Each structure stands twice: as C-alpha cells, then as structure tokens.
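Common to both upcoming complexes is subunit A, partnered first by subunit B, then by subunit C.
This part shows the complex of A and B:
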C-alpha cells in the first residue's frame, strides 16, 4: 500500500521523501551529539545537584559572582588585542604575497608554512611559549639581554598587562596564518579584468585595495570574525599552561573560569547556567554577524 | 529461492546487525560474576602520570608474573585524573578496579560514597610499621579535625592505602648553610645573608591556585594561621594568617627569584639544581626527580632535607600530599584489587618498590641506612610523618577553597593586592562557597 504524507496540506513527492530519508542519519547524529547535551545543560541550569528544580537560582548565582565579570573583562581585552592584530597582519601578509610572489613553488611553500601553526596542538604551543616567556630561563629575556636591550629580567608572566600580552602573542602567532590563508584565497577571486582596468586608469595600490580588493574581501572579514570569535571563547590550553589564569585572575578568560566552576568548584548548576548565558549571548552576536554575511557571492 | 521485499531486507539486516554487535556484550555478561571472589584476568588501575606512578608501573609486572593477573595502568595528568574519577564515580562505572588518589580528594570521594571500604570488606588492619597518620588520611569521615556536616555520625572506614608517602619538607644548601634553619626567622636570615645577583635566597612557588596554595600552607600553619577553625569557621583573615602570608609574600619575597608569581615546581627545581638558589620547600618527588637526579642536577650531595621549620606558633607543620590506592565501588574485582594492595605494601615488596623510585610509608624502610644513601630525604620524611603533618582541610569543597586561596596568595606574591586585602577577599569568597555547600561559616 502506498503511504502518502501531507506537509502543510501538500503531499510529499517521492523525491522529497527520499531526500528526508537521506537526511535522517545526519540529523539524527546532530540530534544525539548536539541537541541532547544542550537540552541536558539547560535542564541542569535549572536544577540543584540532587536534580531538584531551583528555578533561576543558578543563573542568579552565576551572574552575581564578581569573578564572572573579571573573566568577561579579560576575555574582552584578549579579543580586542588579538583580533585586530591578526586581521591586520594577516591582511598585510596576504596582500604582500598576492602582489609580489609570482612563483607557484614559493607560494606553495608559504602556504605550507602558514598551515603549520594551525596543526600544532595548543598544548605544545603553550609549553614552547612557556620556554620563551618563563621567569629566569625564558629565551626572550636571554635574547633581549644579549642584545643589550634590557639589563634586568622582564617578568613577562608575573604582571597583569605583560601576562595578557604574552598569552595574546601566542594566539596571534597561531591564528594570524589562518587569517592570511582565508584572505589570500579571497584575493585569488578578484577578477583580473577589474584590476587591469584600474591599473590602466593609473590607480594607486591603496585605491586598488580600497575599491576593488576590499569589496571581494568584505564577506571574508565577517567569516574570519565569525570563526575567530568562537575560537577566542574556547581559548584554554596555552593560557592554562602559561599563566594558569594569573597573576591573580588577570588572564582567567571565560573558558578557564567556566572550567574552574565546573571541574574545580564542581558547581554543575552554576556552570550549566553560565554555559547557557554564554550560548545565548553569542547566539545573538552571531545572528547579528550573520545578517551581514551574504549567502552567495555576487 | 524466496524473494523478499526491500522493507523485509532492511528489517532482517538491522536485527542481524544488532545481534552481532551485542554478541560480545552478551558473552561478557555471561562471564561476569556478581560476586567479587573470582580471579579476574586483568586489573585496571587509573593512575596519575609522572613520578608518582612510575614505581607502580615498574613493580606491577612482578605481581602479574606471580599471579597471572594482567595489570593495566591507565595514566592521566593530575587534573584530568580527578575529573575522570569524579565522572566515573558519578556513573558508578566499572572501568577501573583501582584508582590512585591525591589525599585532598578523599573528602570528595568519601562524601560521594565512591569507594569500597577496605577494612570491613577486605580485612585491612593497621600495621605498626606504618605511621597512624597514613591510615588516618585514607579514613573517611576523618578521625581528627572538623567533619563535614553531611558526614557527621557516619561510621569511619578505611578507603585508601597510601602508596606514595609524600610530605612537604624543606631543603637548603648544606654546603653554604652550616646549621639547619630551625625557624622561619633562620630561613629569612639565611636568605638575607646569601642573596646576591643571580643567586636567590629563597624560591617561592607562587603560580596561581594549587602551586601557591601548596607552597604557603605549611607557612600559614607554622605561623598559627589556618583556613578553617575546628567548626568550619573561616579564619583565613585572622591576624596569624595575614602575618604568615605577609611574611612569605613581602618579607621573604625580597630575597626570592624574579617572576615568583609564575613559578611552579619545575621552575623551582631548575633554580635549585643549577645552583642559583639557596632554599625552598620541596616534595619528595622533586628531590628524586630533579634535585638529586644524576645527569640533571649540579647540586647532588649539596642539599640537606629537614622537616618544615618552626614558625611563631612554636611548631613547624608539614603538609601531607599522600597518594593512595582505593577500590572504586563500581569495580567488579574488589577482592583481587585488595589482594594487589596487600601485596604492594608488604615489607619486601615495598622495598622493591622503593628501589624502583617509590616513596615508602614504612618507618623501617625510611630509616634503612642503605636506602637512605640513595634517598637522602628519607630521615626528614620519617621525622615529618612521625611529627603528625597536617592534611588539607577535609571538605568536599577543597578544590573550590584551594582555587580561591591559591589565587589570593598569587595576587599577594604578584603585588596586585596586599596580603591583608587578598586574604580578606578570599575569606569572604570561601565563606560564601562553604555556606552554599551547607557548612556553618
């Protein structure tokens, strides 16, 4: 017997039914690994440790903890340091390679070099960075001393400002190549005819960048912002190794703070409430960013 | 040949697949016995990665050859081991038959009811060659000091047996300081006397949270301070506590290494072992792993080890950092796991364990002159254990308390806050956390 289903009063065609059937495994997997944990977290955020319903108490405790605002402030400062630097340096490098390097072999070599920092485990990067910045034996102080630039050790990880700059520098090192790769690939899509026409008209490199390249790169900037904001929210390993969130709480970013609430304080209700607050806040930010992301390039 | 429909084919395939995939589980279920008396083919130990589990890994094959039971040691870094155990216990998982536990974890696991009692279930009794404090630290609820409100009235049982007899001690350069410092005033005087450019009078392990907490607690106690009193009232902002942290983070810090706020154990050991520092607190694993390690250290034979010097309270109080072996409640091989622990702490086997780098708890081994030659800190460790070192407060909230306290000490070391301001703020935070957990504060 032929089963016919109706959707919104309209019968599903055979192809539509097949399409839904094909999609079902993927949707099922997403449901199991994303939706179910999310629902559990939401339920946990309204529950005490014994599972009893506590309403918004976990949220009020989470939002009433001054350490949360220290963590938000630290995350904000970190973001404001790393994102502009990564975007500007990545863009500069992409333009430089795009306009000056013509040999395919050299371009491929630069491509491989740019990939390398992205595939190194963050823990390993943290350990290496500690060898660079550590007090008393850090390579950076030794180099600066030998060059005669300093006469006394700089306590890179022991003062709040320098500690923040040190952990941010690790992020910049690892993720600037990502920005470079994305923008460089974007520059490849700029139509050659437009560039040649502009050059015949005698435009400067800056005008060419402003009125031609930037037009094609704009959606990619939003894409970079989209991914890098998510990454900044997840930053953990190298900060944990380099400073442990210190001195004090000056480099305790949101991820580290949430980890401590969950796994040090074992306050699962508060940690779940924090996760929900962060998720909702970032969903709003991402919705706003997405409005400017064109689905298809013109 | 009978033709089947596509629907029937899918149905039959699904049933056959489910049977095939569940076959091993069915076999396993048939094999497993509800009792714990059967000899298993394998025991799995969840262990901490590093110097603490190294000797265990070396002697486990001996047990394997004697009994035929395969010993699998699954290692995790310190933080991950704790998280892994907590989540396994919450699920009453049977992944591990034995688990290594740092002694501050005992309150959490004891409160959770996560372990099998070793005395009532497996007949463990106290051995006079092992200091009673070693058994006390594995007992829950704690036999001395304040008991968490939720645990009061519960009967005490032994849940863990120490296999790494760590106690925090003090080390100094005996080739420079001729008389052992008896007090923290002596420590300060020596630091002042020998401090010079590129040679530090004292090393502070001041990195945020656990390192700063571990480094400062013996000083806090020796000055008469503490985090809680005997009824869980927070005393971290008392005069004695503030004096202790002021001494460490201001007075002694004048002679400490630069970057003390970011110094951890490895950094301290490096400074000591390359001959750039005079003295500091230390743990046994740091001594064997770095300071007295051939091919690593430049100060072998130049260091002396003593119990923690006395403070204004008239006492020098070391801190326990024992690693224990326990049997998770979810383990189906409790008897066999208990047999392994009994085997490991037998005098002869513990001696072999020590010869492989283990830190003993038996007084006879700590005072063994032959073993003492290769382990110069053994006499100090024996004295520290005999003196009754403190353990970290026996509360299931210890991780939260340590994070708050260790962050406050780090702030004081870094000069971000005065010791008084840092400890006052930390005391308020701890009060709030403890109150929320149902403690009087």
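This part shows the complex of A and C:
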C-alpha cells in the first residue's frame, strides 16, 4: 500500500481520503441530528415560553425546586438498592454455576434462560409486576395469605418504602441475569493452570475467589457499573406503569420528574433547564467512567 | 477417598439445585402468572377467590385486546417502526463502520468514532426528548411513525456501530483485496464479497436493534397520540393506568408484547450479550 509521502503537513493516503469521503456525510448527518436538540434545549433553557430571553431564571427555578432534590434522592436510593443487589446476586450465581454445574447442556440452558429477561419490554414487566403487587388483586398477597404468613393485605405500592422496594425489585429481576452473564463469561477466562496450581496448594474456595477469580473479573465490574448506571439513570417505563412515581413523590426518579415538569405541568423553560443540567452532569459522569472501560477501541 | 468425593459432590449438587430452583421460581412464576391471568374469562376476574391454577382457560382476552380494542393496528405500527429503524440503523452503521474497519485509517480516527458512539449510549432519553419534541412539532411530524423511526435509529446506532465493527473486523481484508486485484472496484468488492460474508453479523445486529425498538416506551408515549402511530407498548400502558383495570386484557397485552422479542431471541441468543456489552463479552 503506497502512502503519500509527507510534504509539509501530513497528506492523506488514498484510502484515508476514501474513508473520509464515506464517513463525513453519515457522521455529519448524525452529528447534526444530535447537535440540533442540544442547541435548541440550551436556547429553550434561557427563554420563556414565548421565546423572550429570561437569563438564568429557568435555572434558578429548576434548581430551587425541592421536588428536584426529592427526585435526585429517589434516584440515588434506587441506584443504591438495585446495583449492589444485582452485582452481588449476579456474582454469587455466576460463581455457583461456574463451580457446580459441569454439564455443557445445562450451562447452555441456563444461558438461554438468562438472556430472556433482558429482552422482555419493560412495559410488559411493569404489567407482570402490577399483577403481583397490586392491591386487592395482586397475587403476592394472595400467596402470602394462603401460606398463613400475613392476615391483612400489604399495600405494596401504596407505602413509600414498600413502593420503592417494589419498583427496585423489578429492576433486579430484569437485570441481575445481565450481571450474571457478564461475570459468568468472565469466569471462563480465568486460566485453568492458576486455579489448578492454587488447588494443589490447598487454598479454600474463598481464597481462590479473592485472589484469582476477582483479579480477572475486576475490569468487568467497571463495565457492568457503566452500563447499569447508564440504564438506571434513564429508568422510566416500569415505574411509570407500576406506581407512576407515587405514592406522593416517593418513586419519582429523575426521568419521571422531568417528564412531569415538561408534559404534565407544561413548564418548558424549567424542563429545558433541567435537561441542560442533566446533560452536563451526565457528560461529566460519562467522562469519568468511560476512559477506564475495557473496550476494544483500536 | 471415593466416599468423601461423592459426599462433596452431593453437597455441590444440592447447593446448585437450591440456587437454580429458587431462580427458576422467581423467574418462572411471574411469567406463569401473566399467562394464567391472560387466559381468564371476564367472569373469573370478579370471582371472590383467586385461582392459582388455570380454571376454564379462554382466549377471550386476546381477541378483546387485538380486535375489540383495535390493538392490531398498534401491532402493525410497531412492526413498521421497528423494521424501518433496523434498516436506517444498519445503513448508517455500515457506512460508519466500513471505513474504520476495512480501510487503512489512523487509529485515532477509529478510536474517536467508537468513543463518540459509546457516548451516545449514555445520553439520557428524557433530556433529549424535551427539545426533540419541539422539533417534531415544528416539522409537523408529531404523531407520525417517522418521528419515532428517527429517534430510535439515533439511540440504537451505538449498538449497531459496535456490533458491526466487531463482525466486520473478523472478515479477512485479503478477500476484498483479491477481488480488487481481479478488477472489481471498492463498491463491487463490498457488495459481492464483504456483504454476503457479513450477513450473519448484520442479521444479529438487526435482531438486537429490532428488539430494543420494540421495547421502547418513553419516546413513543411522548411523540404519539393516536392509533395513527402509537406503538404496542403505549397501548399496553393505556390498559394499565385506566381507572378500573381489566386484568385479563392487560395480561394478554403483556403476553403479546413479550412474545416477539422472546421468539427473536431464540435466533439471536448468541449475540445479545455481545450487543449489550459493546462486544466485550463474546459468546464462545
């Protein structure tokens, strides 16, 4: 392949020119489509509904609204419930299957079953959760009553703490298999020699986990954190179906709150200011995490 | 020695059975209950006690949802939107990944494009839909499938780019070069040599994108208003938030919403994790 010699600045090779020729229109279109909303939302955030300039008034209203901090707190609580449970249970299950299930057929069956929850529409899972937790018809109360564990209906969706746990349980149900799948395939990459060497030395399974398995899994935890965080910060569907953010604002996570400001209160200015704040803070979070990801970019 | 090993083996089997059994119950029962509820008759909903086992199963709820409530139209909208999204996403995905995997370009260009695609994955939909809603109103495409197709393609592009990049990179460059030595130009080489080889990968990416678009709810809720463009998940939601919930209809709608992705995943099962993790996790 003949590369044109550098003369002065760097000249492009034929292939590079071709590459840019193909890339520019496509990337350009996507870039414009992504950028127009950004520009627009920044403009909206500095204007009133009639388009007149209001300076930072939308921002001060958005940031001065106590409901925003309720939403941030709810998002934080949700994240802190969901991520540790998903990671611990997913890890536990990955270790369990890795160490105890030897038969390839059974492993393959578990694999197929584990991917199914990942592709079920969150709206449909919301429906399932509704059938389970709903007052008066929810099957969870029916089962608990028949087993004699409770004598009075529990209002799963009507009390703040239980409602938060209920919506979190849906997330755990859907996404623990994802953590399992990632960590399980991570465990496959642990070299057999080091495990055998350790076993000859007579280490306990815990030591083996702590010093061998965990070493190979470490980059994957970051990966899981990244993708789960991206999803948890945008979670909307199943909560909208299950509680709609209630009771009160107890399960009103950030996306539900922003949806309400824009499409229920029709406060465009405040919603735009919120969107700008969220976009900026998400970019910061993204920049902090993404550079450590074990992705094959080159 | 042999007896001790078999005892340890028994413990192993016991632990595994308990774990897998518990998981099976937690995952199996809700789905079982969804299906059982969808098979109930209207009369049974108001019965004083709840039957855990199917009792005179009937498909009445399905015909009620699809025909009486007219959800067949929503199903059709969903299929149109999803297929169009797949086509647009794959076209853009191929145009963007072809040069960075098949042509000699600086590493920095490739890294920048992939990083940029990854950053789109972190974009919060609700923050984007607020200005996008205004754009859609201005362009007068509110409540039209095209508004959904555009935004779905944008949000699925990161998955498509990363998946296609992985698949294309695995096809040896020499095959196209050989065709070009034989006198084919780049476009012919792409069309007749690379494309046929890349079909399984393109299909996989298409299935993943289809599934994601099928599940999407927030954009559809905001950008559609009538059966003209409403997708199936919006219809399902309409059944849920009504004042009086018709449980069997709601459950039947839930089953229908789940069916297609589950069927597709039987075909695309080897690729879903690769897709979700941007190729970090590859199925053996």
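What we mean here is this: the second predicted complex is superposed on the first by the 278 of 298 C-alpha atoms of A that agree within 3 Å, B and C clash if a C-alpha of one lies under 4 Å from a C-alpha of the other, contacts with A are read in each partner's own complex, and residues count from 1 in each chain.
Convention: a residue touches a chain if its C-beta (ideal position, glycine included) is under 8 Å from a C-beta of that chain, and two chains touch if they have at least 3 such contacts.
Owing to the predicted nature of the structure, the values given are computational and were not obtained by experimental measurement.
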| item | value |
| --- | --- |
| Touching partner for A:55 - first (subunit B), second (subunit C), both, neither | neither |
| Partner chain(s) touched by A:155 [first = subunit B, second = subunit C, both, neither] | first |
| Which superposed partner A:105 touches (first subunit B, second subunit C, both, neither) | neither |
| Contacts of A:44 with subunit B and subunit C, given as first, second, both or neither | second |
| Subunit A residues touched - subunit C or subunit B, whichever exceeds | C |
| Contacts of A:202 with subunit B and subunit C, given as first, second, both or neither | neither |
| Partner chain(s) touched by A:137 [first = subunit B, second = subunit C, both, neither] | both |
| Touching partner for A:244 - first (subunit B), second (subunit C), both, neither | both |
| Touching partner for A:36 - first (subunit B), second (subunit C), both, neither | second |
| First (subunit B), second (subunit C), both or neither touched by A:279 | second |
| Footprint overlap on subunit A, comparing subunit B with subunit C | 134, 137, 244, 263 |
| Subunit A partner contacts - residues on subunit C that touch it in the complex | 12-13, 15-16, 19-20, 23, 26-27, 30-31, 33-34, 37, 50, 52, 92, 95-96, 98-100, 103-107, 109-111, 113-115, 118-128, 130-135, 150, 154, 157, 166, 186, 211, 214-215, 217-218, 221-222, 233, 236-237, 240-241, 245, 247, 250-251, 253-255, 257-258, 261-262, 264-266, 269, 272-273, 276-284 |
| For the subunit A and subunit C complex, residues of the former touching the latter | 1, 13, 15-16, 18-20, 22-23, 25-27, 29-30, 33-34, 36-38, 40-41, 44, 93, 96-97, 99-101, 110-113, 115-124, 126-132, 134, 137, 139, 142-143, 173, 178, 181-182, 185-186, 188, 220, 223, 227, 230, 233-234, 236-237, 240-241, 244, 254-255, 258-259, 262-263, 268, 271-272, 274-276, 278-279, 282-283, 285-286, 290, 293-298 |
| Residues on subunit A engaged by subunit B in the complex (per definition of touch) | 61, 134-137, 153, 155-160, 163, 243-250, 260, 263-267 |
| For the subunit B and subunit A complex, residues of the former touching the latter | 79, 82-83, 86, 108, 207-209, 211, 257-263, 267, 270-271, 276, 397, 399-400, 402-403, 407, 410-411, 413-414, 416-417, 433, 436 |
